[in-house]
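Labels run A, B, C, D and E following the written order; every chain starts at residue 1.
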Amino acid sequence: MAEMRIGSDAVTRSAAASLLSVRDLQVEFTTAAGVARALDGVSFDVSPGETLAILGESGSGKSVTGQAVMALLPKPAGSIVGGSIVYDGLDLTARPVKDVRKLCATEIAMVFQDPLSSLNPVFQVGYQVAEPFRRRLGMGKREAWGKALELLKRVGIPDAETRIGDYPHQFSGGQRQRIMIAMAIALEPRLLIADEPTTALDVTVQKQIIALLADLQAETGMAMILISHDLGVVAQVAERAAIMYAGRIVETGPIREVYDRPAHPYTRGLLDSIPSAAEIGGRLTPIVGSPPNLLALPSGCSFNPRCPFATDRCRTKVPALRQPASRGSDHAAGCHYSEEVLADA
Amino acid sequence: MPKAAPTHQPLLSVSNLKVAYPIRSSVLRRIVGEKVAVRDVTFEVKPGETVGLVGESGSGKSTVARSVIGLIKPDAGAIGFNGHDITRYSPRQLKSVRREMQMVFQDPYASLNPRLTVRDLIAEGWRVHRDVVPRGNWTAVAQELMERVGLNPDYSDRYAHQFSGGQRQRIGIARALALKPKLIICDEAVSALDVSVQAQVLNLLQDLQEELGLAYLFISHDLSVVEHLCARVLVLHGGEVVEEGSVHDIFDRPQHDYTKALLAAVPVVRPWLGRSVSSSTSTHPERLTQGGTIAPNIQSREERNDIYS
Amino acid sequence: MSADQAVITIAPSHARRLRATVSARILVPLVVIGILGIGAIVVPVLYNYDPLHADLLVRLKPPGTAMPDGSIAIFGTDKVGSDLFAEMMAGTRVSLIVGASTLLIAGIVGGILGLLAGYFGGWLDTALMRIADIQLAFPSILLAILLVSVLGQGILNVIIVLSISNWVIFARVIRSQVLGLKSLEYVEAARTLGASHFHIIFRTLLPGCIAPMLVIASVEFGYVVLAEAALSFLGVGAPFGTPSLGSTISTGTQYLASAWWISTIPGLLLLVLVLATGVLGDALRDRFDPRLRSA
Amino acid sequence: MLGYVVRRLLLAIFVLWGVATVVFIIVRMVPADPALLIAGQTATPEQVASLRQQMGLDRPLTAQYVQYLGQAVTGDFGNSYTHNVPAVYLIGQVLPNTALLAVLACTLAIVVSIPLGVLAALQVNRIGDRLVTTVSLIIQALPGFWIGVVMLLVFSRSLKWLPSAGLVGAQSLILPTIVLALPFIAILTRLTRSGLIEVNGEGYINTARAKGLGELTVVFPHAIRNALIPIVTVIGLQFGTLLGGAVVTETVFSFPGIGKLLVSSIQLRDYNVLQASVLVIAATFVIVNLLVDLLYAYIDPRVRLSK
Amino acid sequence: MTSTRKCWEGLAAAVAVAVIALTGLSGAEAASPAERLPDNQQNLTFVPNFGVPSLDSAMVPLEMGTNQIMSNVLQALVTLDKKSIPQPQLATSWKWTTPTSLQFKLREGVTFSDGQPFTSADVVGSFDRFIAKKATLSAALSIITSYTADDPTTFTINTSAPTGTLLGVLSLVKIGQGTHSTDDVWWGKPIGTGPFVITSYVANDHVKLTRNDTYWGEKAKLKTLTFSLITDTNAKITALANGQAHVLGDVIYDQFPTVKAMENVTLTPADALTYYFLWFNNAKSPLTDPKVRRAMWMALDLPTIVQSLYGETASPMDSFCPSSAFGCVTAADMPSYDPKGAKALLAEAGYPNGLTADILLNTSNAGMDTLVSAFVSQWKAVGITVKPRAQDPTTWLADFSAHNWDMVVNPNATITGDADYTLNRLYNCAANRLGYCNPKLDALFTKAQQSSDPSERTALYQQAVNIMAQDAPGIPMFQTKSNVAALKSVQDLSIPPTEFIDWSTVYLTK
């Protein structure tokens, strides 16, 4: 398993090993109320076969990251204004959307949050699953249909032979997500981006879907980016985690390191807010305040208004992502006071 | 601890509740059958107590909540409040019950009228129940309530959309409190909130309970939240209560297969520690399961659940 | 999740135009309508316009002709020798009155019926929707012709007729809006307060219906004015003695080959008026309720 | 599905009954007396009365209503008062013309507006879109009869390309079809455009893009089929406007259609013809909307499979 | 706002195209030498100026449009010539055997176009139908007490009183096949003895006739004759311009410049029996006073109004019926334009400050609104306020018949070509059409009706119109010409005052 590296100095060393290398990505959204910087200097790498979890609350930019990679930013409101997305040595930001999509079709696949709205309601699922085979590989109708059936069986759709002609609304939520996954892995992509794949599902189903993804990964050796707001869901399958807040990655590292020894006060606050962390009936220790408005970010560190460690320095200077003293080389946090946070635990 | 159930008479007692939706024939729209949403649900909520109602989508938990608050008319069973069966109440009588029983809704966006200021949102109940607060005091009392739920009272002239999700849910709580209820029904009240904000709201709910002696009927699909907040828990599945008991019984010694499966599926934040959802250590083997295989019995349940969605 | 996603507004793609443009698209039509409205009141008075006055010696004069009294007929004269400009503005007044009154009546009646049907449902809803079906099965212009032959010609009757053929759209839109609102939690919240039907209908639901009503009204305004013109063309619109824009255009079409201005200039004015309300309606729709597009 | 069709049919019959009743009532409310009209200015009251008796207008309204409904069910609407032939015969002469006109206009509108709408949607806020949107706004803002007369003067009188009146061959259909279709084109173009733009924000469009489909494949078939769902309904509803617009168009081009027949029957108070033609028009509308509903169910499996 | 600007640009372009097209209207084609077209191209389209509510003459015997068509298909016993004098048609001769009994000798050898021979039984059957239908002619026919077919070629009518005007009325009784007298469907598309046969009829659209090859008289030269019922003025003129129609029944004066600009078209104003009247409601105060009526008449500058609105196509009247009809002689001392005199007369009648009244008009009569506007303006100048009430034809008729008006304007045609038809029918006390009654006048009318001496009748009508000019029960405003526009390729077209064109003589050249 290859390393994931932090900071621009790491680019030269890891370029060959990374499947996907995102560097200093900047994304802006133009809205009626103004221009919002949805991503501000996001960098990460994904190596073949690896699973990276991108975690964050609403508005943190985790979904935008996935959209940016797939060239799915809503046009013309959202646009990449800086940085690079290098896939297998190819800078996607420098290529026309058409080429990126073509590449995505065979190499990078995506699974979305809401399996109902992500499937076209007016086409049979078989048609939709077979579409990549027909349009990308030029297969005949019958052959593609056969492939689609195989895939549906593979992702665990019972009675796939009869249900292949059904429409999305005739399936349950979990089954729809399985169909989405079938469609995504159709052309055996090398990278699968799953954007909140289980959020709309019940817990029992959620567990099955995560298990399915893990199985598929083990089988095909593809790399995965799991985007989620739920720290628990990804914990079982991801090797690495990147925590996002207000358009930046505030902490990254091996998932156990990050969860067990958070070096950013936000990560720590998140972990402490989970009810199961507290005594039953006891008080929780939430993060104070509300998530920031991207149109009016606080100066300095965006987290400073909610941070118990904040000083004047935090209010003026944006902290760079760095490796805290005493931590391993692949654990980094974007906080001026990481050491204090770690020591406070 | 408010969780310790006081012993007096129940505030709310639901017995054999049944709610069904008619199935109509395609031509003449005659009722030819019914789809049961909730069947034989029986439970009590004592004053000051928090009762949790858990279940997956389609389990009927919201139907129970909406029947209790009177948004749905039950087909059978009784809903006792303060010892009276309110299913037999006239609209006028119900109106007085409504003061005692309030609801906090799931969606902090949809549950607040976008055309009213915070002050008017809170005062809406006083407009209906004229005797609660004299008109001249509306602003002052509304501001007091805002302060109580952790909102800046200076913002009483703002509209809901000018607040963040967590703040809106606080407005929703202030609104529910305005009529000085004895029971608040929280229907997935924190599900839409980010975890950092959810914790704030859960703390607020606990504080208010201690202070005002409120009883909560707390409905959620999130077992960790229910475990954290509730004294007693009912597990709903397919419209029926499959298991009921104290939070310890349910989470540590689940009896029903469904409860077991449900608990097993709850994601564990640090699976490598081998710890369970509960802060209390558990030895139940299901708790330690980590990803991987798909249990065949769950597969069939999923099918069943989704019929209701 | 995604509750707070709205804060950064990954906007639905059609709401892209910036607010400033939307404001301009609302403001400019309002100014145009305002100018026409003022002109419609002032110009006929300034010109001392009498719809029944005939000056046969100066009939069918082209734009810019000097009149015997020394004035210049900037848009020419019509078939009885009336100043076309004054006649047009008087016609604009009638058209504006017809449009506004029709929408007011249709909006109030349709709005209330839609509110009640949507809120109470049941037989009331069924009855209303079936009446709407029957109404829709009548092409509105035929209904108008039929009704005018019952009621007789006259501006008031045109308003009544157009209101009858327009209430349905209000009722349907408001009804579906209410059905949407009814299940929203804030309406349920009002119900849990023990609020009366009256309170819920008029204090909770009605405010939520104002925006779509405004949108429909501004979109329909143009259609109503055009419908009046079509009725005039078929001889059942504005009566003799009360020229509307529509009747002026319509009688002018007989002279299109010989005196083009009688029909064309009021036609352009009507175009501006209808265009202004159309643009206004679109802008209001973008501003308030993009979902109403297909209404 | 079958139950759904049966229910829609029952509903259609109810609507037709409603229309029939409303027409009956309105017609009897009209102050002028058809008997007087036929007897003329010089007739004595006795002559008018005996004529009224011949026409069956002296009988109680309920009796007239029952007879009218009873006959209508069998397709008999009585004789025209003035032409003295069965009303259905007069309608049979002109209904095919109007139907042809309406179908042509509808087809023309669909054929022209869907590509235009797609073009505009693909070019949102660029020159092509602005042009299409603006032209469609202008078309909708001009009175149809004015456009009709101008086209008549240009193409028939000046250029002498096309006949000006009546139905004297296929060329006679060109101008009325265009004039009738124009507002329809404008509406449909704008709807197609906005429908596609709306659908563009849907998840499955992102899915299609993520699958690497080209923009054209995303539009056809993924986006268009979904965007068509509301458009199909509007086509059905607008068909009524089309039939209404036919009255104006038929008047401008002296086209022998049911609209003109209806207007003249109103003017002549020819009750039987009037009642029959309104019912025929309403029935056309109802049938078209029934077909539209079925088409809707065909396009949208959610409707098809749940009803 | 870019979109609005674009609109303007687009529109300007559209208008420019339209204007360019409109200005180049005159398609110049030189008139070709009069070489007759081959028979299979003898197809003529005529756009009549009247609507055709039905082809059943018995139902609508006075409809101009119906008569215009049916006079080519069905024939009557007699027909009126250009001077409105009865001439033989299906009857070869007639004589009053008693003062109340008129005997006709029918033409022999006549067959219907289906080959059936024409006999007196057909005449009886047709009379049965015309009388039974109680339509607009019923009043005129009520004088007939009985009629008999004495033998196949003899037909006798008995009347209740001597009637000099009967032949004019009979020119409107069209003869169909006697066996079908109660068959409504047959009469809707009848078979006749005329030079043409109906081949197709679509209500409100067209009637197509073809030549009757078995016609007893001179066969028609046209192979087919289509009556194309175009109502819209633009469409009508355009039909002539692009050759779709050969003849237009009437061109309104305002379209004269357009039509005159067409080089291959001739425009022929022909005298007609149509005139326009204004009636006062003589029974309604203050119009009961002849002084008021005369004052209102004097307030109107009829010559100027008529000249500006109708040019050479209409002329002011000097009597109460059009001068082309028999007996319509110039009345003495008709009121003329004199606003001062009108004011004085009003003051004399007791209305020094003027008065108010309404005027009823029929929207289907094109141009009436303009005329009424002109009247209203001139009345206003003498202090009389008049409110116009424009109504659709049916409502108009209802109000008109109920005398629900102060004044009314309407066209009328002296369809029988005889003063009696207009004067006696409208102004006698029994008719009570306008609340006017003058027993002296009635006596003159009766005398004139019973007389069969033209000069005696003329003298009686002279007395009558002189009285009417004094009483001023109404204002005969003007009489119009029918302005027939025809392509120059149409030959031998002549327009009788009745406007019932005999198409059998017409033919087309290249």
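As a convention for this text, a contact is a pair of C-beta atoms (placed from the backbone, for glycine too) under 8 Å apart; a residue touches a chain by one contact, two chains touch by 3 or more.
Please read these numbers as outputs of a predicted model, since none were measured by experiment.
The minimal number of chain-to-chain contact steps leading from chain A to chain B is 1.
With centres computed as the average of Cα coordinates, no chain lies farther from chain A than E. Judged by contacting C-beta pairs, the busier of the interfaces C-E and C-D is C-D.
With chains reduced to the mean position of their C-alpha atoms, the one farthest from chain B is E.
Chain C and chain E have centres, each the mean of its CA atoms, that are 43 Å apart. Mean C-alpha positions place chain B and chain E at a centre distance of 86 Å.
One simple way to say how far apart two chains are is to compare their mean CA positions; for chain C and chain D this gives 22 Å.
Between chain B and chain C, the centres computed from C-alpha atoms are 48 Å apart. For chain A, the set of residues touching two or more other chains reads 57-58, 74, 229, 291.
In chain B, the residues touching two or more other chains are 164-165, 194.
Counting partner chains per residue, chain C shows two or more touched chains at residues 1, 3-4, 7, 13, 16, 149, 152, 253, 256-257, 271, 275, 279. By the touch criterion given at the top, residues 1, 3-4, 6-7, 184-196, 199, 203-204, 207-208 of chain C touch chain B in their complex.
Put simply, chain A touches chain B in their complex at residues 57-58, 156, 158, 171-175, 202-208, 210-212, 214-215, 229-233, 235-237, 256, 259-260, 269-281, 283-288, 290-291. Across the complex, chain D meets chain E through its residues 30-33, 36-44, 47, 50-51, 79-80, 82-85, 90, 93-94, 130-131, 133-135, 137-138, 149-150, 152-154, 156-160, 162-168, 251-254, 256, 260-261, 264, 267-269. Of all residues in chain D, those touching chain C in their complex are 11, 14-16, 18-19, 22-23, 26-27, 29-32, 124-125, 137-138, 140-146, 149-150, 153, 157, 191, 194-195, 197-198, 200-201, 230-231, 233-234, 237, 240-241, 243-245, 247-248, 251, 259, 262-263, 266, 278, 281-282, 285-286.
On the chain E side of its complex with chain C, the touching residues are 1, 3-4, 7, 11, 15, 18-19, 22, 25, 233-234, 237, 254-255, 257-258, 304-305, 308-309, 361, 363-364, 369-370, 372-374, 376-377, 380, 387-388, 390-392, 394-395.
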